[in-house]
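I'd like to ask some things about the structure below.
Think of it as A, B, C and D in the order they're written, each chain with its own count starting at 1.
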Amino acid sequence: MVKVAVIGVGYWGPNLVRNLVESPLCSEVVVCDSEAQRLRHILRRYPGVRVTTDAQEVFGAPDIDAVMVSTPPKTHYDLAAATLRCGKHVFVEKPFTLSSDHAVRLIDLAREQGRTLMVGHTFEYSPPVRRIKEIVQSGELGKICYISSTRVNLGLHQKDSSVLWDLAPHDLSMLLYWLEETPREVMATGKDFVQPGIPDVAFVFMRFASGAIGHIQVSWLAPSKLRQTTVVGGNKMLVYDDTQHMEQVKIYDKGVKYRDPDTFGEYHLSYRMGDIVSPQIETYEPLQAEVTDFLESIIEGRDPATGGEQGLRVVRVLEAAERSLSNSGHVEVLSREAAYV
Amino acid sequence: MVKVAVIGVGYWGPNLVRNLVESPLCSEVVVCDSEAQRLRHILRRYPGVRVTTDAQEVFGAPDIDAVMVSTPPKTHYDLAAATLRCGKHVFVEKPFTLSSDHAVRLIDLAREQGRTLMVGHTFEYSPPVRRIKEIVQSGELGKICYISSTRVNLGLHQKDSSVLWDLAPHDLSMLLYWLEETPREVMATGKDFVQPGIPDVAFVFMRFASGAIGHIQVSWLAPSKLRQTTVVGGNKMLVYDDTQHMEQVKIYDKGVKYRDPDTFGEYHLSYRMGDIVSPQIETYEPLQAEVTDFLESIIEGRDPATGGEQGLRVVRVLEAAERSLSNSGHVEVLSREAAYV
Amino acid sequence: MVKVAVIGVGYWGPNLVRNLVESPLCSEVVVCDSEAQRLRHILRRYPGVRVTTDAQEVFGAPDIDAVMVSTPPKTHYDLAAATLRCGKHVFVEKPFTLSSDHAVRLIDLAREQGRTLMVGHTFEYSPPVRRIKEIVQSGELGKICYISSTRVNLGLHQKDSSVLWDLAPHDLSMLLYWLEETPREVMATGKDFVQPGIPDVAFVFMRFASGAIGHIQVSWLAPSKLRQTTVVGGNKMLVYDDTQHMEQVKIYDKGVKYRDPDTFGEYHLSYRMGDIVSPQIETYEPLQAEVTDFLESIIEGRDPATGGEQGLRVVRVLEAAERSLSNSGHVEVLSREAAYV
Amino acid sequence: MVKVAVIGVGYWGPNLVRNLVESPLCSEVVVCDSEAQRLRHILRRYPGVRVTTDAQEVFGAPDIDAVMVSTPPKTHYDLAAATLRCGKHVFVEKPFTLSSDHAVRLIDLAREQGRTLMVGHTFEYSPPVRRIKEIVQSGELGKICYISSTRVNLGLHQKDSSVLWDLAPHDLSMLLYWLEETPREVMATGKDFVQPGIPDVAFVFMRFASGAIGHIQVSWLAPSKLRQTTVVGGNKMLVYDDTQHMEQVKIYDKGVKYRDPDTFGEYHLSYRMGDIVSPQIETYEPLQAEVTDFLESIIEGRDPATGGEQGLRVVRVLEAAERSLSNSGHVEVLSREAAYV
């Protein structure tokens, strides 16, 4: 049984608290936020939790085993580093950090301290995303050609974070999880319509060493919520629509058939059309699976599914995309010699 | 009453023939195709038309007033030039030509000959596209921020034309028609998965002098047909879905509200949510309107809605996109000093 | 090769003419309509057809082998009887006749004359309806429990025919085709909102000897077009949506699992949830298959798929439903002793 | 501030507990259930509530002001009567009771005791249902012709209650709320496929004195979840789809236009087609509004929106429908002389 503190109960943190309170692996929950009002709200719902407005109290409490950091991204590094230095396990919400340097330092620190470091890429725990991973791994789709993802809706504009750092981490963590590789080249374009200097619409294009390409469209300025990802393989194609209750994943038995190129020339291709299958998807809450993975990785002394390196590779792509976006879409090459990934 | 020849009755040409046969403005229809099999098929349906396998016969026939060219793009220039040189009016299917040089020469030739030159950008005659033009012009959406368009499905791979020249002309003609400006910068990325050297997936990004941006995603490798365009304005947003029977256009009364920036800082913005309206759209056939415009522009001696210059500006963007695509997404700047546009 | 006359080229007849003109089994097409304006319209498109405003001319022409009757329902009986009496084959649009007496007399007459009698239940030739027939016959769904069908939209109000006779024949022909039985009991309710005495909204409930039940909802007063049929079997369930381009048919691998009733009591049932499969459906035009079946049945001297008896059983259910509707939903029992069915 | 006990925390009761715990109008929450396991689950989430397995303890506690009954329907009458006899206010989940006699007795008892009696017709507190009420009342739709409602999905079969008593109360409470009248005639058909004697598919048809008709289709044997209600008025039509996030309500500006019947005959009608508007709908939780109405009606001594009489009229229609269903769809006439409604 683990004793866990949650720092930050703004928009997302209360969901972490709820899952901890209900987890049989968690024996005590401490909640820390600088705004007392938020703590009162938490206490009304969960009268059994301990609360404090002082993060130092959390770090100094010897009975707290682990800290979950759910604060604005710019504070992630300091809070996670402080947690690890106190010898506690740490969970950091996505985006992990705002620079890959910080991410590397946290990975090193966790290794030195022998503590669990986990990043909250919740989508990698979601039933449809895991099911798609199985489908991709099974080879059913054939070799993956390209993945195109759209994640748009109206709001929520962030004061100190672009749409890239806000929405793209979801798609990037999914893509890298499915493809099991990091892009070699990243390009991004976009624009800041509402707040000068903070892009609210962005398009990211990626080339992978395997030959696959990826494209992500993110926007805070869109009339309706879209969360749709298309995975095109050599044999079959797949669409994942996260806004659907039913039929979140559809597999299309479609493809291009090649005929003998020597005899007929390269143009003799035809199309194969077949059934569409929407596989039944389990329906557990991704966040519960994520919190359980964090607690179990602490108890069992093993790595979580979404550890620091998984967080780092997403940060590295975001960094490159941001550089490209500031530089008129210049091609950013991700070096293979990086310390990690 | 106009006497019209159609050259090329492969995939699209028979639709031109049908509309000419039924038009009260057309007194005779001549059909020309190098494949006799296709002419037999036409004759079975329209026993009253004249047919020939020889284009020279068309050019030499003094009683033919106008020619509609519906052949592969690489033949457009030669056929259209020959038509104009014979003193006949000409209609060329999209894409107009494969180079802007050719497009400029045809425009010049039509001017010299005093004949009508029209390009088949059918979408500019479609009821929803025209209705959106009215909505944009009315100012209801506010200043246009960005337009994002997706046009994908499985097939039809072309032997000598990329997905860019095949599908993007539709979206480009719509965007330029609505925005009434040509982009200053064009970038494109993509890849050739099926046939080496012929991109089948492409993404085009455009910056306009007005501050607007445009994004077009086209693919021949997609599991299901999508034709969706989002227009985001400062006040309202609009979605046009061409695969819908009903509710092809939806206007979202949504936007970002700005508060006084001096007093509260730039972050005091909130969101305005309102009704969604799907305006009733007329239901005539766009191609019929297009053919009528061609015939009337000949009879009345006036310019058609989609003349050579409209065709040229689309070709110029396609050319720039193709250069960028071949050049790793390099930013292509469209000069303002171009002879036209 | 068959020489065929079409009587009636109002709303639907021109489609028959088009398919006859293009059929390699038909050597000549004669078109008859009392309105000369309609004949001129036909001639413009099909200059090769013969036209007349006089039905007697059709009946008297020795070279006409067969007549397709596409006139208002109340004229079906007289025209079909006259055709058969002249020794010609006859095709009658649905609804076959307005009384089962008339239907029986036409069946008898066709038998006496040794001529083909076919009823235009086009849906029985449509690819999804045929595919569903195969699925039902294969036993994949298990024993059919119930079929519920909805066919509604705004208009088109008929002057002399209720919504029952206008829209329900489609659903009835599909249901009887799939189930291969005629209901034993029919009840109907509804109301006449727009024109007194002509119901424009109706609900039909049917019990079959097999234990299955059927329900049909038809309306001329509905805000949007719905054509959806649900088939619930003991093992799987199926939805057919005729307004969809893609995924017209979906098979749900869902059902109720029964446990041992002796041990645990009748309440120990649970639900089986599985994949959803949308089988690929062929895409030919149903009307072409129907016209071909008519011509081939004449040439080969065999019965068409939708002969007089198929038409009769639909008329018998419509008659019973109409009686029930006029009688406050009274249960109408269809006698097993009827001459046919 | 009210002290409230909840009896029954199976499927739905925990939602009542949650809303009471968070309500500023409720000072104490007592939870009663015969299964200790369920109470432990409640205590884990809400450590501050009092629990008991003995309903008599609730009735005997002088400090408990009100009881919310969320147990199986067959126990509603006894528990509600016991509550009222102890002088406490009572809230009963839908369906109110299993007979109108019981419903009338509870209404009388509440009146004698001077206590609040409320029935949990949650839909009457839901934002789209309330918005539709405003639209109907405003006259925008014109005179209501008919309402057709479908509420189907796979499961959950009840041991001692038919699909009629399980699902139809939602639609009935909405219909009667919007129409402000009780039907004069009720007919129902259906069948018991899974458990003998317990219909799992049912169709209910109703005639109202105003001329309107209503139709409800409910099923526990359907492949996918449908909750759709169509309201057809003389001027406009409306569709309410409860499974949608966005666009739950759509208003269609469509209708039949009547021309002068004296001059042209009854058949000169045409159709008016117009825009489709999806009004923005508020997004509060209906259950919170319902619990607040219960607590406020106690505090203010006023009637709740869904009091005993609203519950009774739904029970009377359900009773009639059940009689009709057992009697082959016989027309059941609801007497106007009933004590209530």
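To be clear about the criterion, a residue touches a chain if its C-beta (ideal position, glycine included) is under 8 Å from a C-beta of that chain, and two chains touch if they have at least 3 such contacts.
Since the model is a prediction, treat every value here as computed from it, not as a measurement.
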item	value
Chain whose Cα centroid lies at the greatest distance from that of chain A	C
Winner on C-beta contact pairs when B-C is weighed against C-D	C-D
Chain centre separation (chain A, chain C; CA means) in Å	53
Centre-to-centre distance between chain D and chain C (centres being mean Cα positions), rounded to whole Å	39
Interface hub residues of chain B, defined as touching at least two other chains	224, 246, 273
Residue numbers on chain D that touch chain A, as the complex places them	21-22, 44-48, 224-225, 243, 245-246
Contact set on chain A toward chain B in their complex	145-146, 148, 154-155, 157, 159, 185, 187, 189-191, 193-196, 201, 203, 205, 213, 215, 217, 219, 221-224, 230, 232, 237-239, 250, 252, 254-256, 266-267, 269, 271, 273, 328-329, 331
Residues of chain D touching chain B in the complex	246-247, 253, 273-280
